[in-house]
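Just passing along the structure, written as structure tokens.
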Amino acid sequence: MSEVLLKVSDLTMRFGGLLAVDQVAFEVMRDEVFAIIGPNGAGKTTVFNCVGGFYKPSSGSILMDGKTINGLPSHKVAQQGLVRTFQNVRLFKHLTVLENLLVAQHTHIQTGLLQGLLKLPSYRKSEDEALQRAGDWLDFMDIRQYANREAGNLAYGHQRRLEIARCMITKPRLLMLDEPAAGLNPQEKRDLQKLIDQLRKEFDVAVLLIEHDMSLVMGVSDRIMVMEHGKPITTGLPAEVRVDPRVIKAYLGEE
Amino acid sequence: MSELIPQLTQQLFNGLSLGAIYALIAIGYTMVYGIIGMINFAHGEIYMIGAYVGLVTLSAIGVNSGLPLPMIILIMLVIAVLVTGVYGYAIEKVAYAPLRGGPRLVPLISAIGMSIFLQNWVAIGQGARDMAVPALVTGSVQFQLGSDFVITAPYSRIMIIVVTVLLMIALTLFIKYSRMGRASRACSQDLHMANLLGIDTNRIISFTFIIGAMLAAVGGVLIALAIGKLNPFIGFLAGIKAFTAAVLGGIGSIPGAMLGGVLLGLAETFAAAYISSQYKDIVAFGLLVFILLFRPTGLLGKPEVEKV
Amino acid sequence: MGNNVKNALIAAFMAGVIIAPVFGLQIVRQGMQTHLEPEWDVIAAGVAIVFVFQLLVRPFFARLFAKKAVKRALPVLSDSARRGMILLLVAIAVIFPFFTGRAQVDIATLVLIYIMLGLGLNIVVGFAGLLDLGFVGFYAVGAYTYALLYHWAGWGFWQALPLAGAMSALFGFVLGFPVLRLRGDYLAIVTLGFGEIIRLLLINLYSFTGGPDGISGIPKPTVFGFPMARRAAEGQTTFHQLVGWDFSNQDIIVFLYLMALCLALLALFVSNRVIRMPIGRAWEALREDEIACRSLGLNPTRIKLSAFTMGAMFAGLGGAFFAARQGLVNPESFTFMESALILAIVVLGGMGSQVGVILAAIVLTVVPEIAREFAEYRMLIFGLVMVLMMMWRPQGLLPVKRPHVELKA
Amino acid sequence: MLKLQNVHTYYGAIQALNDVSVEVNKGEIVTLIGANGAGKTTLLMTVCGSPRARSGTVSFEGEDITQAQTHTIMRRGIAISPEGRRVFPDLTVAENLKMGGFFLGSREIEEGLAHVYTLFPRLKERANQRAGTMSGGEQQMLAIGRALMTKPKLLLLDEPTLGLAPLIITQIFDIIRTIREQGVTVFLVEQNANKALQVADRGYVLETGKVVLADTGANLLVNDQVRQAYLGA
Amino acid sequence: ADTIKIGIPQPMTGPATQYGDQIQAGALTAIEAINAAGGVKGQKLEPLLIDDGCEPKQAVPAANRVINSGAKFAVAHACSGTTVPAVNVYEQEGIVAITPGATSPLVTDTIKPHFFFRTIGRDDQQGPFAAGYIAKELKPKTVAILHDKQTYGSGIASQVRDTLAKDKINVGLFEGINVGDSDYSAVITKLKSLNPDLIYFGGYHAELGLLLRQAREQGLKTQFMGPEGVANKDLLAIAGPAIEGLLVTLPADFTKLPGNEKVLENFKTAKRSPDGAFTMPAYAAVQILADSINAVGADPVKVADYMHANAFNTAIGKVEYDAKGDLKKFEFAVFKWDKAGNMEQLKF
């Protein structure tokens, strides 16, 4: 259980004169839900971008399963089993829901051009399997009835689910969620919380979470890191973080 | 080889003046692009029409009218600018405005169609063959650098360089600091949002097109005076070159267009001088490809960091 | 109404400004001088027409369209309608040459070449969303591959055809590799640059490519090894001798047409299949959102490259056929205007729509031919048609519903 | 002040608003709640004239603006902080704010800037940063700030707290109260129905394009139906 | 009776329009004269004007139009660039075509046509002729040669180069420039430092006009020379006074040819000018077609055979053909321009 999956140390990201991320270090264990919270502009999304290979960090190291991944282009990072959702949902809006899930399996489907052109049996088999898997995930997310709709036309909450399904179908080891609850109503937030729990349990995936909705964060996370001005101010269990005066002052405010 | 330095200087001047020509057209290109994100392939044709209007004006005045030279040129410029302004406005209204909000490539094709149309419009109206423009601005600055190679800088070329630089500065300041400039930049990024702030975006777009067309006309007149030959098809090549210059400098950036134009002019000139005229365009395009490989958004273009 | 009059007046005035320097004031040359010959009647007529149009005709049409436009959404072709449409087109295409004259067959062959090019570019622009303004470069590579192989090594069409495709594909691959990380219009200009560089090289490598003269005397395809020509080279039997027909040029024309049809059908088949395959889905996904693709582990360069290469390959096949049909290649046939035309076909077709591409290729090839009747107005009309088409059908002539796999309930 | 009567709005063939009638009186805070896709954003945008209502009327200060163009509507003193923030990514923060006050004199712009900067000190710190590189929450502050620049009579806020930290959310609701005291009318769309209803004088509940409930904020807070569907009770 | 159609595919648009006009003038005048005299074997000749724009790209479509309109004879293409591709079509289709303009050897050398002819000399006559004049009369130490990279221009430029090389005259520069460019100052600076005694340009007038103008502007005073493709009124307009002293090779002035009084008369009645290098050759082309049809009827195969076998008396003098349709004899002459834009034939 307590094996380290992702190890980030000394991570620093500078934009011109701005230190957006400053010496951040944390570890995510296998099967853990690890949350990063902090005021707006604290550098949370930037940490994601560095880990995911979208930015090249100014310094620091990122190890996935002991292998260093910093400097890799983002698609290579993803192939290592780190996938993410985005602060603003980024679905393939004009593809159908089903197709979104098929595209995500691209790296797992290995059929040659010729097999496809001639519809050879091997091609059909692999397509059928891909469809099967997509169907399974649609069921799991409870959005099967929308399978043939354009993804961009789904209700926001459903889009969020689809985005998560799209990540999960790549069989990741670490799922990174950037404010997954933004724009959801309280009911949907509760569903999301259940979903995250379930994913972790059934699919053996660790979750790295950024979120401003405290009930979700507190309910779902194993550990929480709080950032401010690019620096971590504390890391701990939800119960500890919630009452930490520094966190209250910088982030939560008096309730 | 004591002639090397003066030769180089002469070529440098040649390159700069050619570059200024490209830049003058490229500025208009980049402006329109900057605002509505559309490659206005008909821009070169506006330039051509500007040149024709200049020639028409000149013919109306007559070369031996007795008016002072600067006066004649000024009249040519003013009339050309006014007429092309109308052209710019009308083209935008007819061929582009109805397509706004549709797929991105549609206006591009419409622009190509417009470009073909305008070429032949003038070809039918004024004839397809070459027109000669009387050499109005004659004479040159001449000086020697040590050897007997005389460096010659014709006034007509100097005029282009000076005007281009002035226009660039004026326009950069305008775009950067004026209210209108800011509004047009905002429109380029989010038309709908600009609309939601109470800005009449159609006006801004028309305005941009008019300014762009006017710049092209200035280019047309000055270049016609310097080169002395016109035909309805000169706009196309000039347009492509100017477009290249604009991209090289970073689309949307006015100093970039200037820089890109000059760089392109220098590259062509030096390639022609020290490799072969045959290969000058290859060198120019090669340079473009090469630079974009290292600066994917042009020399002065903003890096396209997309915040994810 | 008052407002209307004012607008019409303004429009009429602008029309005057637009017409005057081009049509109203003719530049006439006398020796080294020029003077003007005003034609006031032309200006007056132009102004009057615009005034009337703005005042009466336009409001009338506006009212007419305002009523219709709301109701009539664009008809979108369904999957089965599309299939039926294609079958019908193919059937017409096969019997067509036997019922018309040679001029028509000739133009039809040209249409087929453009269909093939259009379908090729459609993969790049329509499916993968990469704006390629230098497509004609690959067309040139294909054409010259055959021409040069013939010229230097005496190869025949059938030997050279696959190599022409492969060669263009290779060019697409090699050129695409470094530049495909460029975005949007930057990619467009670089591809335009490549197209131009290829053309300029063809002009300048005089001793290898024949420079501006190009290469002529390229043989037409043979029918199973028997040339279709008036006179055969030493020791060869021509096709008409073989089957005992009289020599007729019409036969060659029809034969070329049928071959072009086969190639176009091949292009249609492949592009139709490939868009339903994983790679096709990946193209579309990439067109929608590159960052999301990367976050899922898709390698954008590789995927773009496959589209670029495949498009180039079709251009190459088309090029080789073009060389054979013309009997001659020269760099003039591969200017930017040609790229623009092919792009116009794709866009007018309705990006990504194969049937649309076919229709657009027909329209954009036949219009300039018909317009030849109008002599110097030909290109004027062509340009105008392009603009009007875009306004009339900004979504393309025949937008189709994207083919997509469905999950059965 | 603002009045929608029997408004129907469509996106092409899709109907997004179905016979909606809503009123906002001067000096009120009115909130609109509803599930995802209910048509809240569409309602706000219909007020702005994009998309336009296909039938029914929208009137502002007694004048019919149903068919008016977006920019003329907005110049009557309406400002919006739209869904998705829509800051101009390549303009700096300061320039974005100035765009908000496009039609003001330079004195008023300075005052407006000063006002916004006191509300959101982060924006002042980053006045010369390109808006597109700001963090999600910072952009949200910018969008609200930009809308405040015009000193509007009517302020439309579409999910203003989306992506903001809890501390800031509290602050945003404080701001809403303050500006109402300064005489600005506020029309608010929120997912965070609990807080929204607490500040609101009145509220409407929208379901699939229809108004299903209309009452005072306090009443809606205790309404069972609302509590179940939107407050997560 | 039916008419006999004669296709006249010529540049009617584009920079070479001048030449198209000359050829039309010549051909139409001849056709009208012949028709006025009762036609050919009782049939009238019917001209079909078709535009080829002097663009290689339009050559094959234009040739196809000749065929599709049912013409079996043509006064074809002025420009070598259009003629070279078009020859294939005429040959394949068995159409008898005569070009009064295209001078490039490639026209007839590449496919050795049976159905295609000229009423003008070849550049491997004109080029060596010009080079001979240069070597014998001008005796320069260094020559610079520029060309426009097109079929005609680069062809004749290399002819001149090769002949000069044989005469041991130093060719210091041989370079192509772009058609359609407007600024040639880089090459001119290069020429200025090379400082040759003569600059030969192979190509058309538009480019030479700019070269002359810009050369004088940069203070380069070297003597220029060019082939028949540069010599027309447009050149004068573009180059302006810079034209002074330019040398060109042209077909001899056929209006002065004895025996052409009747022809000149016809031009007068038709209100057309017989001037221009290609007008008389175009006139001659129609004469040759008419004579042959008169002799053997309107079957192109027979006409072609007849043309190869016989001699003709025409507006350009006596004409005889070799096996691939080239003239057995054709004369060029050297002309010099003065400041006012008049040309004078030089003795050589």
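Annotations
In order of appearance the chains are A, B, C, D and E, and numbering begins at 1 in each one.
Everything that follows uses one rule, which is that a contact is a pair of C-beta atoms (placed from the backbone, for glycine too) under 8 Å apart; a residue touches a chain by one contact, two chains touch by 3 or more.
Going by UniProt, the chains are C = Branched-chain amino acid transport system permease protein.
Since the structure is predicted, the reported quantities are computational estimates derived from the model, not experimental observations.
Common neighbours of subunit A and subunit B under the contact rule above are C, D.
Touching subunit C and subunit E at once are the following chains: B.
No other pair of chains has as many C-beta pairs in contact as B-C.
A separation of 76 Å divides the Cα centre of subunit D from that of subunit E.
Chain geometry summary: the mean Cα position of subunit B and that of subunit C are 29 Å apart. One finds 30 Å separating the Cα centroids of subunit A and subunit D. Each chain gets a centre from the mean of its Cα atoms; for subunit C and subunit D, those two points are 48 Å apart. For subunit D, residues touching at least two other chains, in rising order: 133-134.
Under the contact definition stated at the top, the residues of subunit A that touch 2 or more other chains are 45, 54, 86-87, 90. Annotation for subunit E: residues touching 2 or more other chains are 13, 149, 176, 237, 240.
Those residues of subunit E lying in contact with subunit B across their complex are 13-15, 17-18, 146, 149, 175-178, 180-187, 189-190, 192-193, 206, 209-210, 213, 217-219, 234, 237-238, 240. Residues 15, 18, 38-42, 44-46, 87-88, 155-158, 179, 182-190, 212, 214, 250-253 of subunit A touch subunit D in their complex. Considering their complex, residues 179, 182-183, 185-186, 189-190, 192-201, 302, 305-307 of subunit B touch subunit D.
Note for the complex: subunit C touches subunit E at residues 29, 31-32, 101-103, 106, 203-204, 206, 211-214, 216-217, 229-230, 249, 326-328, 330, 332-333, 335, 372, 375-376. Residues 3, 7, 10-11, 14-15, 17-18, 21, 123, 127-132, 134-135, 140, 142, 149-150, 152, 154, 223, 227-229, 231, 233-234, 237-238, 268-270, 272-273, 276-278, 280-281 of subunit B touch subunit E in their complex.
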